[in-house]
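Mind having a look at this structure? Questions to follow.
In this document, chain identifiers A, B, C and D correspond to the written order of the chains, with residue numbering beginning at 1 in each.
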Amino acid sequence: MNILFLGDIVGRIGRRGVGLLLPQIKKEYKIDLVLANIENAASGFGITESVLKELMDYGIDAFTSGNHIWDKKEGIPLLDTYEKILRPANYPLGVPGRGYTVLTHLDKKVGIINIQGRVFMEPIENPFHVVKNIVEEMKKDTKIIIVDIHAEATSEKIAMGYFLDGMVTAVVGTHTHVQTADERILPGGTGYITDLGMCGALDSVLGVEKEAVLKKFLLQIPQKFNVPEKGLFKMEGVIIEVEEESGKTKNIIRLQRRGEIK
Amino acid sequence: MNILFLGDIVGRIGRRGVGLLLPQIKKEYKIDLVLANIENAASGFGITESVLKELMDYGIDAFTSGNHIWDKKEGIPLLDTYEKILRPANYPLGVPGRGYTVLTHLDKKVGIINIQGRVFMEPIENPFHVVKNIVEEMKKDTKIIIVDIHAEATSEKIAMGYFLDGMVTAVVGTHTHVQTADERILPGGTGYITDLGMCGALDSVLGVEKEAVLKKFLLQIPQKFNVPEKGLFKMEGVIIEVEEESGKTKNIIRLQRRGEIK
Amino acid sequence: MNILFLGDIVGRIGRRGVGLLLPQIKKEYKIDLVLANIENAASGFGITESVLKELMDYGIDAFTSGNHIWDKKEGIPLLDTYEKILRPANYPLGVPGRGYTVLTHLDKKVGIINIQGRVFMEPIENPFHVVKNIVEEMKKDTKIIIVDIHAEATSEKIAMGYFLDGMVTAVVGTHTHVQTADERILPGGTGYITDLGMCGALDSVLGVEKEAVLKKFLLQIPQKFNVPEKGLFKMEGVIIEVEEESGKTKNIIRLQRRGEIK
Amino acid sequence: MNILFLGDIVGRIGRRGVGLLLPQIKKEYKIDLVLANIENAASGFGITESVLKELMDYGIDAFTSGNHIWDKKEGIPLLDTYEKILRPANYPLGVPGRGYTVLTHLDKKVGIINIQGRVFMEPIENPFHVVKNIVEEMKKDTKIIIVDIHAEATSEKIAMGYFLDGMVTAVVGTHTHVQTADERILPGGTGYITDLGMCGALDSVLGVEKEAVLKKFLLQIPQKFNVPEKGLFKMEGVIIEVEEESGKTKNIIRLQRRGEIK
């Protein structure tokens, strides 16, 4: 089974880029299941229903997210409506939505867990304690489990990889919007990468117009951040080849594509 | 001119790894100048004189560093003794050492600047304002300028790349100890990568024994962090091919090697 | 000379509260000059021109601010229009407004400096280096200098007090919205308090409706913060009795009043 | 019943100061029970057994602490040995010590809870969720419950006060080492103060020699922090008069004393 997991999709240019390139990539790599992090899908901040439908139309099967999923008020109820969109599982009791799910896809059960780091981020529940409980429960149902650790610090993501090594199929990082070159299979058979990268504008800062970001760094007063509507984009993620009987990763390769939205 | 820039060297295993592999790499890639970030060279925390001499013996020509350079008290005076070891230039007036230098190497002048980010880090002077002044002054002396932006946040490093694009030869990031897969030549001709990665223990968290780091994340009380003495290591960095007349980057490629220290 | 310095005025209830009680307090304490921090004056976030005029009508002579002064876009140009409203002086070059001024009030020159801390706050320029330069320049003009250190950490504010002790008339803290009980005259003659407190709703969290703040702490997802329009309020600050010949503080007393806006 | 709760005791000068003044204060205010926060009791960092015994000899009945309790390795096992010393209750499972206790003192049961904030601090478990569970359990045993909320941000401490208002006797803050002037009885009958202040050196920054702290703010590289051995000290806290039948606070007054250790 081949799973494609795309990094944070940022704004219209990121969505259209995925729409443009995904069909060919699915064929080329015989992709069975497509996952993507969409915390920035609606103009860089959260989601809307039309954005969600657009992404489902492109053939993305399920979605993870992160700290930016709360940015658009209208996007929050969607977390309760759609089973296939997750928010990090370690938000406290009472928060809308769910943090993990088991999909039945082509007669195979695939568990997906979304978890969020806390170093330099919001102090939600301990991701290590929370993920352990979910994985132990989920293993009764399926051996194929993919974890999106949405976090800032490389130390926390790598620690999560080792923590889950041998217990899940793969641990992939999101949130920094820069793909890392450390994809590997950990000693216990779990596929790992610190960050998937992003799907968004190429000449930008994390998908956002670079001029405003530079102004923020020079003046240190609030700036309005816009996402470019068109131009060159990149589309990044990994392809995980899963050994279905064991739930281990046979191969993990990085994907980097470019294109242009006019 | 070919410049090899190695990511943060962490502890004895990182140093020995460099000593083992560097001679062959220098030949293979016809390297003219070797640079490395050594903030973690002495058991993961700062430097000592013997560590510095060991690294010079291996053939590293000049050194950058970062927030950990202050960790060993005995290492701080070395910043005033040795011209070829830098600390970030944007520490305030009165701090020991220097943040930039121009080397004459094989009859060529090469400027090296070490600058530090502030997002999620110590609030030292504004790196953008400081680096601009240094670059403008240094350009009177040489067109070949290499900048190490030692920072946590991908946004700050990418912004620094665009800020200096066309003004310097290359901007390379350090500090996260994970190599990124975004090496490229920016529109203005400046070579760029968000993080060089590290030279240190392979099965570790940023070079540190993973058991203690996991304990820290599970219990959240202080733990003692040790660097493994031996075993598998990785050695990471980039090779920058410089067009000497223009000071622009012709090519930037990532280097990832592994080996074992017994 | 008696100077009244009011803590952060938060929203309509804070403004009206000041309007209600100020006339009586001015008489009671023979106040010559009234200063106030107004970063939260317009519904808790920044300022507007009508808010500014309302506060001038009440008899406040000059204004300091802090990190929230940028919250309302329309308030930013006012920093260039009105000489008597300051923003922290250690924002970088290019930021609108000014960070210090010398007023001539009743034939006396009074210098006012607004400076901002960096611990747990935006990494603007070093407040210690910046304030030293301003004080040295200002001392040529007047001996009476009042400094508002707008900061989060008690350590940074106390350090600023000792740093300026003997050089300025008084150092008063703002930003935490809770009045501290450590008002005193430092060994060199400078009046000091870690925080002036606030002018705003009594049964609130820092002036904001407590229900939303509690929800934020329980759920850790964004909440809309409103300032109560009416009800019980408190009005806090200090009265500094200045020895005009020396520019030293003869006495510093805390002021705490309550009232109700219907 | 009269309870004296002392703010963070910092180093030898803080301990000796308490030893010097406590007997007289106990008589003067007819104190029945003495509590103190001792995270900084041993030279500013953590505790030792001899320090603990010294403080028990002075007549302190039970102890709370905070983030600094882990600073001295030898102090950590004491958390399991002595029932009367607490560490914040919201550290995760597996951490030594306990976070709450019910004392029987003069035939009265008094519950004490130590909880820690997370804003600008270590991301331990959610203090609001954790404290609620403890209080609900403890209320079966006694109506008299005192909570030490050890936190940095005024918003988090005030929110905790309102959250527990009517459920516990008093909520007192520690950690900032500066006494606040906002002691009051909340609408539901719970006594409250944002910070008790400290017992330590007067002319210091939070109990630490001010020269090193200033050097840290000017140079921003690590400095060694020492606690003055002798000189002027202050001793700060509150006295809570408890209505035993209801478990409510009848009166809460701030205590500020000074003295000298030669």
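Note that a contact is a pair of C-beta atoms (placed from the backbone, for glycine too) under 8 Å apart; a residue touches a chain by one contact, two chains touch by 3 or more.
Going by UniProt, the chains are A, B, C, D = TIGR00282 family metallophosphoesterase.
Treat the numbers as computed from the prediction; the structure is a model and nothing was measured.
Novice: Shared touching chains for subunit A and subunit D?
Specialist: For subunit A paired with subunit D, the chains in contact with each are B, C, in label order.
Novice: Taking contacts as defined above, which has more of them, B-C or B-D?
Specialist: Counting C-beta pairs in contact, B-D comes out ahead.
Novice: How far is the middle of subunit A from the middle of subunit B, if each middle is the mean of its Cα atoms, in Å?
Specialist: 29
Novice: For subunit B and subunit D, what's the span in angstrom between their mean Cα positions?
Specialist: 44
Novice: If you look at subunit D, which of its residues touch at least two other chains?
Specialist: 92, 123-124, 126, 129, 218, 220
Novice: Write out the stretch or stretches of subunit D touching subunit B in their complex.
Specialist: Within the complex, subunit D contacts subunit B at residues 70-71, 76, 91-92, 94-95, 122-124, 218-222.
Novice: Report the residues of subunit A in contact with subunit B in the complex, numbered from low to high.
Specialist: On the subunit A side, the touching residues are 120, 126, 128-129, 152-156, 158-159, 162-163, 176-182, 187, 194-195, 197, 203, 205-206, 210, 213-214, 217-218, 220, 254, 256.
Novice: What does subunit B use to touch subunit C in their complex?
Specialist: Residues 92-93, 118-119, 123-126, 129.
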